[in-house]
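Written below as structure tokens is the structure these notes are about.
Note that the chains take the letters A, B, C and D in the order they are written out, and that residue 1 is the start of every chain.
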Amino acid sequence: MESEFRWPVRVYYEDTDHGGVVYYANYLKFMERARTEWLRAKGLEQDTLINEQGVIFAVRSVQVDYLKPARFNQSLSVTAEVMETGKASMTFKQRVILTTTDASGGEDDGEVLCRGQIKVACLDSRSLKPKAIPASIREEIFSDG
Amino acid sequence: MESEFRWPVRVYYEDTDHGGVVYYANYLKFMERARTEWLRAKGLEQDTLINEQGVIFAVRSVQVDYLKPARFNQSLSVTAEVMETGKASMTFKQRVILTTTDASGGEDDGEVLCRGQIKVACLDSRSLKPKAIPASIREEIFSDG
Amino acid sequence: MESEFRWPVRVYYEDTDHGGVVYYANYLKFMERARTEWLRAKGLEQDTLINEQGVIFAVRSVQVDYLKPARFNQSLSVTAEVMETGKASMTFKQRVILTTTDASGGEDDGEVLCRGQIKVACLDSRSLKPKAIPASIREEIFSDG
Amino acid sequence: MESEFRWPVRVYYEDTDHGGVVYYANYLKFMERARTEWLRAKGLEQDTLINEQGVIFAVRSVQVDYLKPARFNQSLSVTAEVMETGKASMTFKQRVILTTTDASGGEDDGEVLCRGQIKVACLDSRSLKPKAIPASIREEIFSDG
């Protein structure tokens, strides 16, 4: 079973808008950083996937619920978890969580600010046509590590 | 009945990524430009709404299907159409369409590249709590103009 | 002599930050849109330049003075003017100007908000090495049109 | 004497453009992240500065030389060092450096990809007028820590 991966994200000026909160499109950047780091934690570098395996992952659909706004300078955690896999696609369940610091200085989970389902397709990196996820990649992704 | 609004968007370097196509989060920017211009076409300026009416619109959820990639330098049309209205929210149906030029130099619709449903809530601009869409705004929005 | 080119830019949420003003990096996006449209007005499409002429323009240096902040929903004009040309480079002088509406509804120049000098190099689109600006491009650029 | 601060930045899809390299405006984002983290390392949180000290830092000018492009998935280091201080301003010298991994797995400096001088003004957070850097902040900034 796939355990949940987390990646820290700090909210900088670049991420916020005139409303004082993170601009809605930017949560998709945060979620992609977490998916990229999840792949990297599995030993998969996307530039290598493109150049050596000839595959590229492309987002097919997103569904995002914005529950509470993230604000300037906050420290967030972004999760990435595969909830469904097809022959040539994967669907991620992702959350953006406010990180809070507890009395002893440790980090604690705060509220879930944003929740998403992101469907990613595996494409041939040249033709950009759908392509089955290569077995070697599939193995890395679904190892327990 | 609400007719469909369209706003032209050109794809610049800033919008594309390493894959040579528009970065997936950036379609949300394009869609927001179209919603903003749709409001402006109704006579509603968002800074005035904030300062004089005390309301701000915030995105509650998005659902986007990426059908075909938009590429560098392409000319796009982004539609905005209200498909559902609540007391304090509106749901937009939006499409990003490739603009093509026909033989006589006129602009024609090309393929739909991306489709979205964007739910927007009306909030009190100070407390950021949900607030009924003021009658005066509702009137402008649902006029035929 | 090169006359000054202008391109309209509207400030959307995506452009602003938590300080309520346009984020400093985003003026560079506005300036690039104006340079792109200046080229297009000369009949030069950058994707064609890459694919047919094998050249790509890349920014070598920028120098920007931020005089006054641009704000959400403002209407701006961005200028582009070549102030110096080398064999394989061009230096642009650009300004971001606040557009104001005069009594009769016409558009007037407001204050200069931001001023920049942008040096752009001509590169071979494959090797990314400097390459002399092709004569055909040079002609278009320095025509009076 | 001020020692050089470094902050790691990974290049994600969001940072790159159609040319396969980091989009020129995005280096300014990287540099701002490093300045923000430099302040944080000094014990200064910008939201606290705004709310409790009534000051905000705003960029007045930038001068950036792009030497070599950063590419997708690269690991970078961004430096921040104060090279000049005025009563109400500071000028930073910043570099974006390619991080390389040496034989023993340690990280080594690679080439300097980009160099900048960023002048930042201290403003009253309400009026946005220039304001002398408060003594308490000045002390933190120029401590050796």
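Methods note: contacts are C-beta pairs under 8 Å (C-beta built on N, C-alpha and C of every residue); 3 or more make two chains touch, one makes a residue touch a chain.
Quantities reported herein were computed from a predicted structural model and do not represent experimental measurements.
Subunit A maps onto subunit C through a rotation of 180 degrees [Cα fit, steps of 5, range 0 to 180]. Centroids built from CA atoms put subunit D at 34 Å from subunit B. Distance from the subunit B centre to the subunit C centre is 26 Å, each centre being the mean of its Cα atoms. Multi-chain contact residues of subunit B, defined as those touching 2 or more other chains: 13-14, 19, 25, 29, 32, 71-72. Viewed as a contact network, the protein chains are fully connected, with every chain touching every other. Those residues of subunit B that touch subunit A in the shared complex are 19, 24-26, 28-29, 32, 56, 58-66, 69, 128. Note for the complex: subunit D touches subunit B at residues 13-14, 16-20, 23, 25, 71-72.
Within the complex formed with subunit A, the residues of subunit D that make contact are 10, 12-14, 29, 32-33, 36, 45-47, 71-73.
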